[in-house]
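Shared chain: subunit A. Partners: subunit B in the first complex, subunit C in the second.
Presenting the complex of A and B:
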């Protein structure tokens, strides 16, 4: 075969593929357009029919036998599941059961379909929140696809299936960070029901190789905000050798620690690691006890900018803290004065002082603050 | 002798073009796998759950502004409602000669504050820092004019959060763009140092109150050509590069950067015409040289919309600037090119950047001259030439069609008119428009005073787009 013939064949093949792709593109756009229009119309119809039907308890439904295969019906059910309440949820659950919708999605999730369909099935099960799907959702916490694992955990959280807490926690330590973060969101959704399993998880795994899991578990405890765990977290802070674990614990103690957390936090406020000192300042402010003000005032002269900044921000929100910030401005320490001024500007105190000054009602503190700001000529080089 | 040389140069040019297009098709195929996943996650993945998550790291949105008096307030307002749990906005007024600063002071009730400015990255003189006390968490840095890179550096210095989204004042952020980009950070917080986003032309689309209402293909030829180019670049190349963790460029219009990493390499290079590419490559070099594990990735679902040039005159200036930026970067990072020490960056992506972006206009230009001469002198066989030209056109078409098919992930441009406009563009872009852009790049290579100027973009402003584009 001569080169020209080979070339012509190559050209023919390339143009053939071009034509196929071009036809595919035009058809795909047309199909998408049509499918979207039809799907939206059918979904709206289903929502209308279902809305009427949900108001009363029925034992039969006005749908055909293969309704579970219709994606528009599935979307309509999910739409309604997110807005109905009370007995309507029970009626909707009845429809889901009778139509076989949940079973259909479970079958899809178990199938060898590509990711898209299986993910859609997992999301649908999570959205429908049907208690009977819990075993399948737990089974797929081990799915090969991370997004499906996330959706299964989310579904279990939505139906508040408490026996799923332990299986979720079991995977905490070795999951990918993204999945672990979403699992953490689910556990937060369980609220105080997850508190003690989380505490047990932390106790068992602290000091072992699953520090990322422990850190996330501590964060979850902080977000749940159950004050019962304050002493446990204080204990964790005492023994934590990993600074990341200590930082997460300090954060959580700020939320749940209460007065009992002040002592361990005062200790970490003087820790050699500046990150721990900076976090402790913020946590102490969250606890909100003004007796800590003198300790935080020491932080204004810390060698680290973040510690000074967080200490000043803490004082700005604590009762009596503003006086200490103004005292810092009058002091000889220039960095402390800078940190104090920034905190007072952020808290709105600077603007208020300016307003009082303009109204002729400025007090001594206002004059100190405005005098410092004016004297410093805006911004350092 | 000359006869033979002409013939071989002519054939070599065409073969080079086919090779380049084949490489792009290969990238397109690789991108397809990434995009397939993005498609599923976008439809079903509920990434927006991150909005209520306690694990979402906070972000500083850094916006450089130079003479943006007309649109800066709308832009900041539009960005202030982007879907993300915790973020601040840092605007750097880069010595504007108009009232950019004053309009921001008035709109956001800014207060000049005396706070420490940490010049972690050296910048031009900072004249003042302003903070807002309204609903928008905004800090404005007022500094002497020193260009976009310097303004970004000042913004990064003043940013309070560990990640900085560096963007422009004239873009529209998609509601979920930050969630999409930060998802990649949460996936691997230790290694992820930069995430690039998907930039799309806004011209011709319907915009209301700083928000995109409906994406449409522009009627004008110049912006329409750029729609196709952006789709090819951001959907058929970058996902593949990102999949290899060897992204050579995080675009300046949307890049989430880890502050500590940017500070470690000294920030954006002032005066560089391709400061985004320069920073990306310096980050690669720094981390590889120091054996620090890292990754720089691209997230196609992090979509932002930007105004692109509407006239050939403005487009010419932009393309010359881009190519000058590329030339500087190629010179600076030459030791990394085809260097196995730099792994896939050195051997694949940056090498391809050199071969198919930097060298391409030269080869193509040589082809324009040699092929007609060779044809006139009878050095080229007309049949072979026609076959190679047809092949080059066919393969180029293939590349564009793959990109448009990938674009179906988003479902934009679905009307019949939009489809027709795109297809017409695919068919005609190789006849004239492509050659013009090559000529501009050659102009950039020749150099001269004109090519060193940054030039004005002559924007309509986000709020005025859509009409007549």
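Presenting the complex of A and C:
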């Protein structure tokens, strides 16, 4: 056989294989599309039947015994559950119970099905599960798949199953950061019910295993904003050697607020690490107590630009702070004057001073501010 | 034959339109649906609806934009806004533009139906 014939045969074989593969792919796509269309049509039928059920309260339960195996029914129930409230939720919960829908998803979650089906079961339970689903959701907080662990935590948060807070926290330090972040979202959803378990977690884990999970736990406390944790956070700030832990604690103290938060923040405002000083200025501003103004005024002369900027921004929003900023402009400290001017421009005070000046109503402070700005503008760049 | 009231339900969620259309039809109203803002706008300019239930976030045109266009062009439609957007500005803007009511999603169906009945009586 000559080489040309061999080449032709090779081309024909490749072409034949390509045609077979392409036909297979097109057929698969067509089958998939058809299945999706059938699924969508069945789901629409179920939505109609369920809508009649919800709209007509005394309607007889119209569903068969094997309905729980139909994913179209599952999707219809979840869709409706997300748009109604009140007695309709009870009504749908009754349908979920009678049809065995949640039990079916629990069985799928426990099965050896591929990840896709188990994940779908976990998502479904997160969307529609109730207290009876809590044990299986807690069990699967230890699932080998992180996405499933996340969905189980989400479901437990949605049903506000407070006994799940401790199991979630038990996993907190071992999880990868992205999973931990999702667990943190769930814990925030528990609100103040999660406060003391989080405090206990922080007390036990602070200073161990590179503070795994401690920073996130502190952030969760800050987001929940329960004032009761002020003393705990102050204690953390006193002993924290890790600057990241200290920064998270300062942020949380700013949100939690209260008089007990001021003293530790005054301390960190004079810390050698400029990041802690800058964060403390912002946190003190959030607390909003003007008794702190003289301390913040010291920050206007800090060696670090961020500390000066944050201190000036804090003074710009605190009662009486503007006077201290104007005093800084009159002083001979150029960095402090710059920071103060910038904060007054950002807060709108500079524009207001210009307006008063043009109206012939400028006061001493306005003239100080406008005089400084004019002098700066005259300086050749 | 008694005069049948006509209601337009505009929402990009087929589940919402099905639920509301089913509930309204069970109460004897004639219902039409729209799945986006443009379709809602076009159906509303005929002026044949006694009430429009309108979602705020729809593709094509937002619910508020649809009401605004109707107003500018002189088409009068009584609208109940339905929205998952839970901010006061949307509520105030809807009422300022002439919506007769605002209902947040997820909604309590009997309560929404009571509001609809009340508006259709007026």
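In this text, the second predicted complex is superposed on the first by the 314 of 381 C-alpha atoms of A that agree within 3 Å, B and C clash if a C-alpha of one lies under 4 Å from a C-alpha of the other, contacts with A are read in each partner's own complex, and residues count from 1 in each chain.
The rule is simple: contacts are C-beta pairs under 8 Å (C-beta built on N, C-alpha and C of every residue); 3 or more make two chains touch, one makes a residue touch a chain.
All figures in this text were calculated on a predicted structure; none of them were measured in a lab.
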First, second, both or neither for A:47, with subunit B first and subunit C second: second
Which of subunit B and subunit C A:17 touches, first, second, both or neither: first
Which superposed partner A:362 touches (first subunit B, second subunit C, both, neither): neither
Partner chain in contact with A:333 - subunit B first, subunit C second, else both or neither: neither
Partner chain(s) touched by A:370 [first = subunit B, second = subunit C, both, neither]: neither
Which of subunit B and subunit C A:260 touches, first, second, both or neither: neither
Subunit B versus subunit C as contact partner of A:79, first or second or both or neither: second
If touched residues of subunit A are counted for subunit B and for subunit C, the larger one: B
Partner chain(s) touched by A:7 [first = subunit B, second = subunit C, both, neither]: first
Partner subunit A, residues of subunit B touching it in the complex: 36-37, 39-41, 43-46, 49, 52-55, 111-118, 125-129, 131, 133, 183, 186-189, 383-384, 387-388, 390-391, 394-395, 397-398, 401-402, 404-405, 408, 411, 413-415, 419, 423
Contacting residues of subunit A [partner subunit C, same complex]: 44, 47-48, 51-52, 54-56, 76, 79-80, 82-88
Subunit A residues touching subunit B - in the complex, by the definition given at the top: 3-4, 7-8, 10-11, 14-15, 17-18, 21-22, 24-26, 28-29, 32-33, 36, 115-116, 119-120, 123, 147, 151, 154, 176-178, 181-182, 184-185, 188, 216, 219-220, 222-223, 305, 335, 338-339, 341-342, 345-346, 348, 350-351, 354, 372-373, 376, 378-381
Residues on subunit C engaged by subunit A in the complex (per definition of touch): 13-16, 18-19, 21-23, 26, 105-111, 113
